[in-house]
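Below are two complexes that have subunit A in common, paired first with subunit B and then with subunit C.
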Partner chain A sequence: MLDQLGNGLLLGIIISVASVALSLLYGVTRIVNFAHGEIIALGAIATLFLSSPIDYRVLFLDKFSPLGLDFFLSCILAVIICGLFGGLLELILFRPLRKGNVGNIAVLVVTIGLSIFIRHLYLLFATGKVQNFPLELQRRQTYLFFDMTPRNLKVLIIGILVMILIGLLLTYTKLGKAMRAVRDSEELSSVSGINSDNIILITWISSSMLAGLAGVFQATINDVRWNMGFLILLLIFAGTVLGGIGTSFGAMVGGLIIGILVQVSVGLPFMEGHTEAKNAVALGIMIVILLFRPQGIFGQKERIS
Partner chain B sequence: MNKTVLECNGIAAGYVKDLNILQGVDLVVKEKEIVSIIGPNGAGKSTLLKAIMGLINVSGGRFYINGIEKTNLATHKIVNEGIGYVPQVANVFPSLTIEENLEIGSWSLNKQQKESLKQIYDQFSLLKDRKKDKAGNLSGGQRQILALARALITKPTLLLLDEPSAGLSPVAINEVFSIINDINESGVSILLVEQNAKRALSFSDRGYVLDQGRNAYQGKGEDLLNDPRVIDLYLGKL
Partner chain C sequence: MNSLLVSRRVIFTIAITSFSIYLVFILNPEGALRILINLLTFAGIYGLSAIGLNVHFGWTGLLNFGHASFMGMGAYVTLLLMPHAAGREGEVTTSGLPIIIAVFFGIAAAALFGLLLGLPAIRLRGDYLAIVTIAAAEIFRLLVRDLESITGGVYGIISYTENLQKFRPEFINSLSLNYEFAPSQAWVGIIAWVSIILTLFLLKRLNSSPWGRALRAVREDEDAVRAMGKNAVWLKLQSFMLGAGIAGLSGVLLAFNYGSLETTVFVPLLTFYVWAIMILGGVGSLTGPIYGSIIFWVIISETDRLAYIFFENANGQQLAGFRFLLVGLLIMLLMIFRPSGLLGKKEELLLDVK
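Our next item is the complex of A and B:
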């Protein structure tokens, strides 16, 4: 079971970053974004397009040549592209819906439709082939008591650093406090002098950049697929709910726990030969935890008065 | 003669397009005045405050703040015009600490923020003692005090209060009204919406009675308290 801990930490950091992004967006806008998985995939697909060698023509139905940029630069650009895409979604779609007082359920259905639409655009343009970033293969090494490649260790460290940065941003900066204020009440924030439209736009951009980063992580550790975001969306929701809906700190921990549980459960005796059922154990444990702590691990009960 | 801080001329506004709650309301608040708005449920009292704050769209009429027209100005910009607002419900940020609530209240202040925070703590020692507590853990009366402090931190010239006594115990109501009186004596004009009409009118310089989104009566607080038409309609036997 211990040999799966490294894989668990890696899956955990992917889900953790993506869960924080989802939780941040839900907290501020009350939107349950089913298209979150597609923004994750955009991070990976954009990195693949930007970094693959120019003569590498499996992508985009041979119609477009990849750019052959430096891999690290490609990752940064891809994350920025995801942020811009999220901002655009807010400006052209979700802000008009909000101003039109469209209900939460209707907006949820819109995000489901958007998810299916974008996912199938990827299928059309990025093909259904499983592809890999242009990176050389590396051997796994032992760090403390878990095994992983040096590259994946970097992913883990960057993921942890990003989580710490997000935590500091939300807790101590003026912007972070404004995000939490808009989460509590958009109306009260506005009458306090905050331009809540701007805060919501910044939240969309930040959340989408984090989702894109999760996609880059996932594709670096595994591979690029048109439906890669959709495949882990349920685990991301599970991480968010387990940590406590709307609390970013909870989402960090919840995502990490879910990732570790999924991978470590592979080592359980009754899972031998049934590794495809690994999500079941993690999600089952999530349900049990929620039975005893309905508000999630970090969700707080508030005084009603 | 005191100058006019707020003037509303024929305000028409509502939550849904083409369905106005307010149907031409006139109102004036002068410097250092306490003005109350009373009326039955659905008269449009809270709606008027929301319209002034830009929280709902004004489809007819005009607002003037310190003599300059500000109709349909974006809500976050109204604060910079010297208007503070305390809503009836959800008047604090429950997941933020008391200190963070006050920091958000002083969002538009930039450099003077620390000095303003200090002044508020000097004025409300309860908030200073509990500044690291979550606002969501405060009692109703304590929340109302925090809400008043949050609105005061930008040093507004006019404070709009939507039913500050709603849901409070008699002791807490007395405390809140005493604080509102102190705020007024420091030079801040008050526009007060209250269900407790007797209390509001006896506390105010002038009052407006709204009925079905229109001005019904207006006058000095004491006069309205003794006006038989107002007594018959809203106050009952004193």
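Our next item is the complex of A and C:
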């Protein structure tokens, strides 16, 4: 069971970063974004496109050749691309919907349509093949009491640093305070001189950048697939709901717990030979949590009902 | 005035449905009937499923995104109770219940699954309900795939179609010789459309009954229903069971149409297909899903031509990708520009979280 702890931490940090992003967006805009997974996949696919060697022609229908940039630079650029994409979505799709007073449920269904649309664009243009980043293979090493490759350890450390940074930004900067103000009441915050449109735009951009980062992590640790975002989306929902939707700190912890639970549950006695069902354990826990504590572990009661 | 408007929309909807069927004949000079029967069979099955979803969302305002699992529950329970072959070795089970009784148990199992899922989910607000139902559907699919000893796992179930096809009337066979279509599929299609008609009769009765009125009242104002002394939670649960049962029947028909059953049929995309059909036909409309389903399947079956314009030598994966791309776009555009679909009533649409 313990040998899975390293894997659990890695999956946990991916889900955690993505859950914070989803939770941030929900908190400020009340949108349950089913297209979140597709932004995660965009982070991975963009990195793959930017960093693969120029003569590498499997992907992208032989028509575009990859750029062959430095890997670390590619990751940063991919995250920025995701941020721009999220901002674009807000400007051309979600802001008009908000101005047109389209209800929450309708917007939720729109994000589902958007998710199906974008995901199959990836299938058409990035093919259904499983791809890997152009990185050399590394041997696992033992750190304290868990095994992972040096690269994955870096991912874990960067992930934790990003989380601390986000926590500090939300708590202490003017922007973070404004975001929380808009979350609590859009009307009251505009009365106080906060431009809620700008705050929502910034939220979309930062949420998408975090999602893109989660995608880069996921693809570095595992691989790049056209539907990788959708495969992990439900676990992200589980993490967000477990921590309490709309609370960033809760989403961090919830994501981490879900990741560890999924990987550790492989070692449970009744799971022997049923490793495929490991996601079912996490989703089942989410449903049970919702049954007894719908506001999540750290959520406040008035947010649900 | 109002009734004039409604009847005009019905005429428009029937016209556009007939036109899309006409389009199939225009675009396929050869074998149009075979294509049409294939398309209408799928349309009937998915339309039935969309009618079930409409009971959830249109009548009661429950945001159910786990519809595929109700269809799957109906299909698996029915097939496993009848003579079939399952699993890696194709283990044959020759004994089993007659089809009518097996289907009855399948529908009951789907309805019970609806109750089981509804009990915790019903107390949650709309967007939470969406997450819980889609998660529960995935749990169902993962468990079915994993419990290979019972369900056949990834190897699926085969050799069960004879249970239904042995009752196929002779006239379908003789017609199929003259017009070149698959007789077994036509038989499934006929049953699907008969089921739709029977279901619609039942729902029409229920809709105008006190029960139906109470249900719509739950959607509009739950507190008011409670104040009138009705049990709102139990009403919602009944609606969940009714819709799930209808979905279960459509799942059985889907299994008979495919001829072999695999877990990959019941992925979340199946749910989204049904959602697209329901929105297109009109949320809350009784007959809407029928038209929505026919138009939807004409679009789906003719998109391959469109795909060939964008991708020369498109392979199967690209064709499938292109179809789903259009489904996503359709859901998005409908929800933005015409959330009431062809026949839905805007004032009956629940689009805000309550």
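Everything that follows uses one rule, which is that the second predicted complex is superposed on the first by the 297 of 305 C-alpha atoms of A that agree within 3 Å, B and C clash if a C-alpha of one lies under 4 Å from a C-alpha of the other, contacts with A are read in each partner's own complex, and residues count from 1 in each chain.
In this section, a residue touches a chain if its C-beta (ideal position, glycine included) is under 8 Å from a C-beta of that chain, and two chains touch if they have at least 3 such contacts.
Here the structure is a predicted model, which is why all the values come from computation and not from measurement.
Let me test your reading of the model: by the given contact rule, A:Thr203 touches which partner, first (subunit B), second (subunit C), both or neither?
A:Thr203: touches no partner chain.
Touch check for A:Ala178: first (subunit B), second (subunit C), both, or neither?
So A:Ala178 only meets subunit B here.
Is A:Leu123 contacted by the first partner subunit B, the second partner subunit C, both or neither?
After superposing on A, A:Leu123 lies in contact with subunit C but is clear of subunit B.
Tell me which partner A:Gln4 touches in the superposition: subunit B (first), subunit C (second), both or neither.
neither
Looking at the overlay, does A:Thr47 come into contact with subunit B only (first), subunit C only (second), both, or neither?
neither
Classify the contacts of A:Gln218 with the two partner chains as first (subunit B alone), second (subunit C alone), both, or neither.
Neither partner.
I'd like to know which partner A:Ser115 touches here: subunit B for first, subunit C for second, both or neither.
Touch status of A:Ser115: second partner only.
Output check: A:Leu188 vs subunit B and subunit C. Expected answer is one of first, second, both, neither. What do you get?
A:Leu188: touches subunit B, not subunit C.
What residues on subunit A does subunit C touch that subunit B touches too?
305
Considering the complex alone, what residue numbers of subunit B touch subunit A?
Those residues of subunit B that touch subunit A are 53-55, 74-76, 78-80, 85, 87, 90-96, 100, 103-105, 107-108, 134, 136-140, 143, 150-151, 154, 167.
Provide the residue numbers of subunit A that touch subunit C in the complex, in ascending order.
My answer: residues 30, 32, 97, 102-106, 108-110, 112-121, 123-124, 127-128, 230, 234, 237-238, 241, 245, 274, 276-277, 279-280, 283-284, 286-287, 290-291, 294, 304-305.
Quick one: which bits of subunit C touch subunit A in the complex? Just the residue numbers, please.
Interface residues on the subunit C side: 63, 65, 120-121, 123-128, 130-132, 134-136, 138-139, 142-143, 145-146, 268-269, 272, 275, 279, 311, 317-318, 321-322, 324-325, 327-333, 335-336, 339, 350-353.
Flag every residue of subunit A that touches subunit B in the complex, lowest number first.
That would be residues 174, 177-178, 180-181, 183-185, 187-196, 300, 302-303, 305 of subunit A.
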